[in-house]
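Take a look at the structure set out below.
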Amino acid sequence: MSTRLRLATSGLSAGKRARLHRILYQNGLGNGTALFLPYDQGLEHGPRDFFADPIAADPHYIVRLALEGGFNGIAIQIGLAEKFYWEYAGEVPLILKLNGKTDIPSDSRAISPLHASVEDAVRLGADAVGYTLYVGTPAQDADFAQYRQVRQDAQRFGMPLVVWAYPRGEAIERKGGKDSFYAVHYAARVASELGADVVKVNFPHPEKHAEVPAPYGAEFTSQEAIDAVVRAANRTMLLVSGGSRAGDDVMIEKAEESMAAGATGLIFGRNVWQRDHDESLRLVDRLRQILAKYPTP
Amino acid sequence: MSTRLRLATSGLSAGKRARLHRILYQNGLGNGTALFLPYDQGLEHGPRDFFADPIAADPHYIVRLALEGGFNGIAIQIGLAEKFYWEYAGEVPLILKLNGKTDIPSDSRAISPLHASVEDAVRLGADAVGYTLYVGTPAQDADFAQYRQVRQDAQRFGMPLVVWAYPRGEAIERKGGKDSFYAVHYAARVASELGADVVKVNFPHPEKHAEVPAPYGAEFTSQEAIDAVVRAANRTMLLVSGGSRAGDDVMIEKAEESMAAGATGLIFGRNVWQRDHDESLRLVDRLRQILAKYPTP
Amino acid sequence: MSTRLRLATSGLSAGKRARLHRILYQNGLGNGTALFLPYDQGLEHGPRDFFADPIAADPHYIVRLALEGGFNGIAIQIGLAEKFYWEYAGEVPLILKLNGKTDIPSDSRAISPLHASVEDAVRLGADAVGYTLYVGTPAQDADFAQYRQVRQDAQRFGMPLVVWAYPRGEAIERKGGKDSFYAVHYAARVASELGADVVKVNFPHPEKHAEVPAPYGAEFTSQEAIDAVVRAANRTMLLVSGGSRAGDDVMIEKAEESMAAGATGLIFGRNVWQRDHDESLRLVDRLRQILAKYPTP
Amino acid sequence: MSTRLRLATSGLSAGKRARLHRILYQNGLGNGTALFLPYDQGLEHGPRDFFADPIAADPHYIVRLALEGGFNGIAIQIGLAEKFYWEYAGEVPLILKLNGKTDIPSDSRAISPLHASVEDAVRLGADAVGYTLYVGTPAQDADFAQYRQVRQDAQRFGMPLVVWAYPRGEAIERKGGKDSFYAVHYAARVASELGADVVKVNFPHPEKHAEVPAPYGAEFTSQEAIDAVVRAANRTMLLVSGGSRAGDDVMIEKAEESMAAGATGLIFGRNVWQRDHDESLRLVDRLRQILAKYPTP
Amino acid sequence: MSTRLRLATSGLSAGKRARLHRILYQNGLGNGTALFLPYDQGLEHGPRDFFADPIAADPHYIVRLALEGGFNGIAIQIGLAEKFYWEYAGEVPLILKLNGKTDIPSDSRAISPLHASVEDAVRLGADAVGYTLYVGTPAQDADFAQYRQVRQDAQRFGMPLVVWAYPRGEAIERKGGKDSFYAVHYAARVASELGADVVKVNFPHPEKHAEVPAPYGAEFTSQEAIDAVVRAANRTMLLVSGGSRAGDDVMIEKAEESMAAGATGLIFGRNVWQRDHDESLRLVDRLRQILAKYPTP
């Protein structure tokens, strides 16, 4: 288990530190952990994700859910931020997602195009920006080029940068797939090498090891895998994603393992809002109980 | 049915609100609904669209038709705006269309290139700009990049942004086609996620469901489909397009369903001007009767 | 008595609103009032202000005092912000003071030169910027020119703009002086006319009316004067300054009258820190008791 | 054997000279030679390189190793520089690596995308920047385009430019491979032709001559090959890379031959840190003994 | 006595810290103190300063003196830096002085105009920039305006900013003069308020108290005065200037008092080079003996 990174020894600039302090210590449990609500699926997957619970199609409902659930932040695209955040501006931290794509074209050369800027985030009073980096994609050069601009602007404005580090593309498909231990481990490291302040990964699956590089062919428990992923991120704070809706007990177990490994927090979207309102809050409550056990002093 | 968005609670900036107020409350019926006349087919399809009624090839005729018909706005490209709008400047709101393309090359990797700027629209006294976004195209990265500039300029200048959200490209063709419920539903949502103030869509066809994602395989009435599309757009005002010329009764029925669903208005071009002058005005009159039934307070 | 301005009906942009929400509702009493600690006297008057209580010369002591006292914000210059705020970044809102001057040259043509930018404030994670406007100075042209840049940048970045509206210059001296009702009343109005989000004024003295325009020659109670000043600021929130150290009871009475008049809060520096630590906190406690009586819903 | 380049007759600008002086004469042995520690493998190969000695996954450990080993510089990516260098800023020269890539997609059209700028290097107090140029790649046009920007910025800021000159791409694979004498010889020359101040190459293998141009088909000793490579670089200082971990004696012999040939120094990463701490320092000691024999006056 | 500031707890950015580390720990005594050689008198006073020892008119002689004397840096204007520094680039840190003036016009409205930029300093490989701020001058607005640009560029490029904080102008002349305790005390504070990393002041004269503000009329020893000046500078490192040539014993005593007060170092020009070469080095040796007694850990 790693020691969780503290802001005081992070080397972060005053601006990034001020904004992360608000996220980690003035919202949610206020104990240095984070529970984020991502709501970019309307762009990434389209409205089909909302058929399970139609009210979830309404961004106003989701912003209120973030408030009621005591989340540390809500991650949305520029359109929803412009139209829905102003009513609750400052009541819950905004993580403005700067890029995104539909899932209509093939992912073989996946890239997530920028449609907003760090300056948009400043203007809206956001406390962080989000960028999806498709680790391993053949379109890596275009991806890094737009990422560089985001990183430099984030540095200039003191805005924390959260990287959605997603293994993707035809080569990843051939080498173990996007949630193999190899792929997630590599993705966490790439985010830290490229200067993310926070990295979001999916939980690693060590049992998926067809065609992966040699060291990953060995047996690893899921705890060993997530431990290694947290270490790979080193001083980049790590968030573990809930991913598509899964059985609650499995999910809770992974959340527990992630926090034990030294993750800073969890980012759960569909698992939370693809169920009715009271059920959503009950799940959030279980997640908060886990976070409460892992305070960062 | 959604509640129609009111400017007073929209969160829109003063400039966007002032210009939308002129469109919605000082033109047309003045009741918060809109009837737009699009006239970009000379670029998009070429002059073949004007053989049905040759006088329609004359932009001067069309601008006057917009005035006579009591439209809330006319959507044209920069060239026609420069040469024909000045004579009637201010008499009917101008929606300057900023991008467009010919239909000569294949649409498999469709993108609609920018040929004008938001600053052109300010200079011409326009009350909105229009941008065609090809949802699902493999050229999504280039499309989002030019869209981002338009959105940011529109925000900076307080100019309402109308997005023509058109499913297009080889993947869309494989998945139900460009006017399937799936495709139109997704397109409306994308426009709202990316920050359109107004979105223009084609009427959805729930019966086209070959190869679409699972939830769309069920039975839906056209009213259910358009209701869902309006909800997907949430606080982005929705305009339903007439599309290529169709039977009047079918068209009127769809217009009625759209307004009942909570759309803000209609945008009808070829259906209006591909017939003789008096016929055009008679059709416009039927459309206005529908709009009169759905005032936004 | 005015009704205190609410963020929800302020027409402020999302960014300004988010930042003011943090100041007004997530710090201090969290009831919509504000108690600010200004600490720019080291520049404005020089170290002579610290002889009364030498520990007050240490910015680290003052930042900690802001935290212990539960202030809603601390207003400091760029140098102290760079060197002292990072340790406590986010723990108390930073109001970055963008201009300032020494009191060595004459004030007859007073201007407070800019030495920092709104972008510096964004970079440091500040929640507002401060600008001293010398209302009435013969150097008004240069003052307005640099103010304009600040206001535009503040608008662009969604950063609340706090204006220190200080009557100053040879003409003011001839007309009742810098704290006459006439001068303070006029200054509050100027700040609102020029786009301040918050204005800081000194408490008006209606008894100083030599050489002031006619209406100010009448008898006014101090409550009537401060009522009028708050109304002059209209939708610009008003803070009343403690000024140089005065008798506690007089000061408390003015604070009470200010809040009763509809002021948003108080900004007390020398009155707070020109006494020993425990005495400072005792005074702060009295001020907070007043603020507690005037919540903004 | 070439005469080793002296700064005094290099024609370098004051800034490049000042920074190279610090690297070559105020760090390491201070005798004009250089021993660099590269640590970009976490991005280039992923965490699999750290399984051999897990502590090497921790950038903090590696920065300290650079200090303990008396290296002349450490070459890292922006993310690790931001998060780990500040604690030791100035204690060992920083070579900021400006581009990099994962090894997940194919190398057939290899390009190493930029993710940081020369200005980032200035801001962080770096003494040089590093750029990987894939000599021979089909993506040469994009590679040269981004290289040009880096070279121009490096010239403008007086920042030494270290080029990782790596033969790569499908054509290189067909012509002797990436470490043939032909390929390394050509790469060294390309770096000097394009304006590198320092070039990093792999040790050439004259025995690999299948499909190489005629002159390279002859017999060459490895000393003859490295002599020619150093001459090809002319006034561009040459560093020889350790590459993937190899037998110590072979490696030491190549290091000796390189310095005898007139190389300025060595750049050894995995060979150093893929072993335990004391073993690392023992190897470094052997390398320093070689460098001590080849001072540049 | 204050505790001397340590880089590790300074909150300085990586670049500023790296460059200050080089100045303070890799040059001179390497113990965290500094001895600087200023040589801008040829511009500030003209060649008359070189009549005492004509060889001192030769910049080449002075640069060599800085090396021989083991100084931590040499402060010169752009012209001498361009023509003389390149030969010794990196051998002694360069502090590029960015502004300066002749003493031909009156000092009553003194301002020191910029003639070089922080980017010039980066280009030349400098480790700091110097700016003369005339505290109290009536031209304060123009002075702050050009200072702001320098401070922001220094922040952007990670370049330490040394402020020559010189009380000057007609008001200062009326209030105790430029080396009164009042004036020097205020000047040190202004530099820290405005964001200097290092401030250079003249030694304060508490006996000069005609027309100064009340608290300065009391009796103070010179040790009490310099103690207060160091505290006024808080986290801005303080250098005490030798000023015009004075008796050696007086000067040594002031140096001793300054270091005892917590100053970081000394900056001695005319006192050093207005005597013959061996005498210069003998004086330097006495100064270094003082610095050796006050290491910063």
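We just call them A, B, C, D and E in the order they show up, numbering each chain from 1.
The rule we apply is simple: contacts are C-beta pairs under 8 Å (C-beta built on N, C-alpha and C of every residue); 3 or more make two chains touch, one makes a residue touch a chain.
Just so it is clear, the structure is predicted and the values come from calculations on it, not from any experiment.
Student: Just how many steps, at minimum, does a route from chain D to chain E need if it may pass only between touching chains?
Tutor: 1
Student: Between A-B, A-C or C-E, which repeats the contact pattern of D-E in over half of its pairs?
Tutor: A-C
Student: Write the angle of the rotation needed to overlay chain B on chain C, where the fit uses Cα atoms and the result is rounded to the nearest 5°.
Tutor: Rounded to 5 degrees, the superposing rotation is 180 degrees.
Student: State, to the nearest whole Å, the distance from the C-alpha centre of chain B to the C-alpha centre of chain E.
Tutor: 67
Student: Could you state the distance in Å from the CA-based centre of chain A to that of chain D?
Tutor: Inter-chain centre distance comes to 35 Å.
Student: So what's the Cα centroid distance for chain A and chain C, whole Å?
Tutor: So the centroids are 40 Å from each other.
Student: Mind checking the centre-to-centre distance between chain C and chain D? Centres are C-alpha means, answer in whole Å.
Tutor: Centre separation, chain C to chain D: 56 Å.
Student: For chain C, give me the residues that contact two or more of the other chains.
Tutor: Residues 13-14, 82, 86-87.
Student: Where on chain A does chain C make contact in their complex?
Tutor: By the definition above, chain A touches chain C via 7-8, 13-22, 25-26, 81-82, 85-87, 89-91, 94, 119, 122-126, 156-158.
Student: Can you tell me which positions in chain A touch chain D when the two form their complex?
Tutor: Residues in contact with chain D: 10-11, 135-138, 140-141, 143-145, 147-148, 151-152, 155, 167, 169-172, 175, 182, 185-186, 189-196, 213-216, 228, 231-232, 234-236.
Student: Taking the touch rule as given, give the residues of chain A at its contact with chain B in the complex, in rising order.
Tutor: 40, 42-43, 46-48, 51, 54, 57-60, 77-80, 82-84, 86-87, 99-102, 104-106, 111, 113-117, 120, 142
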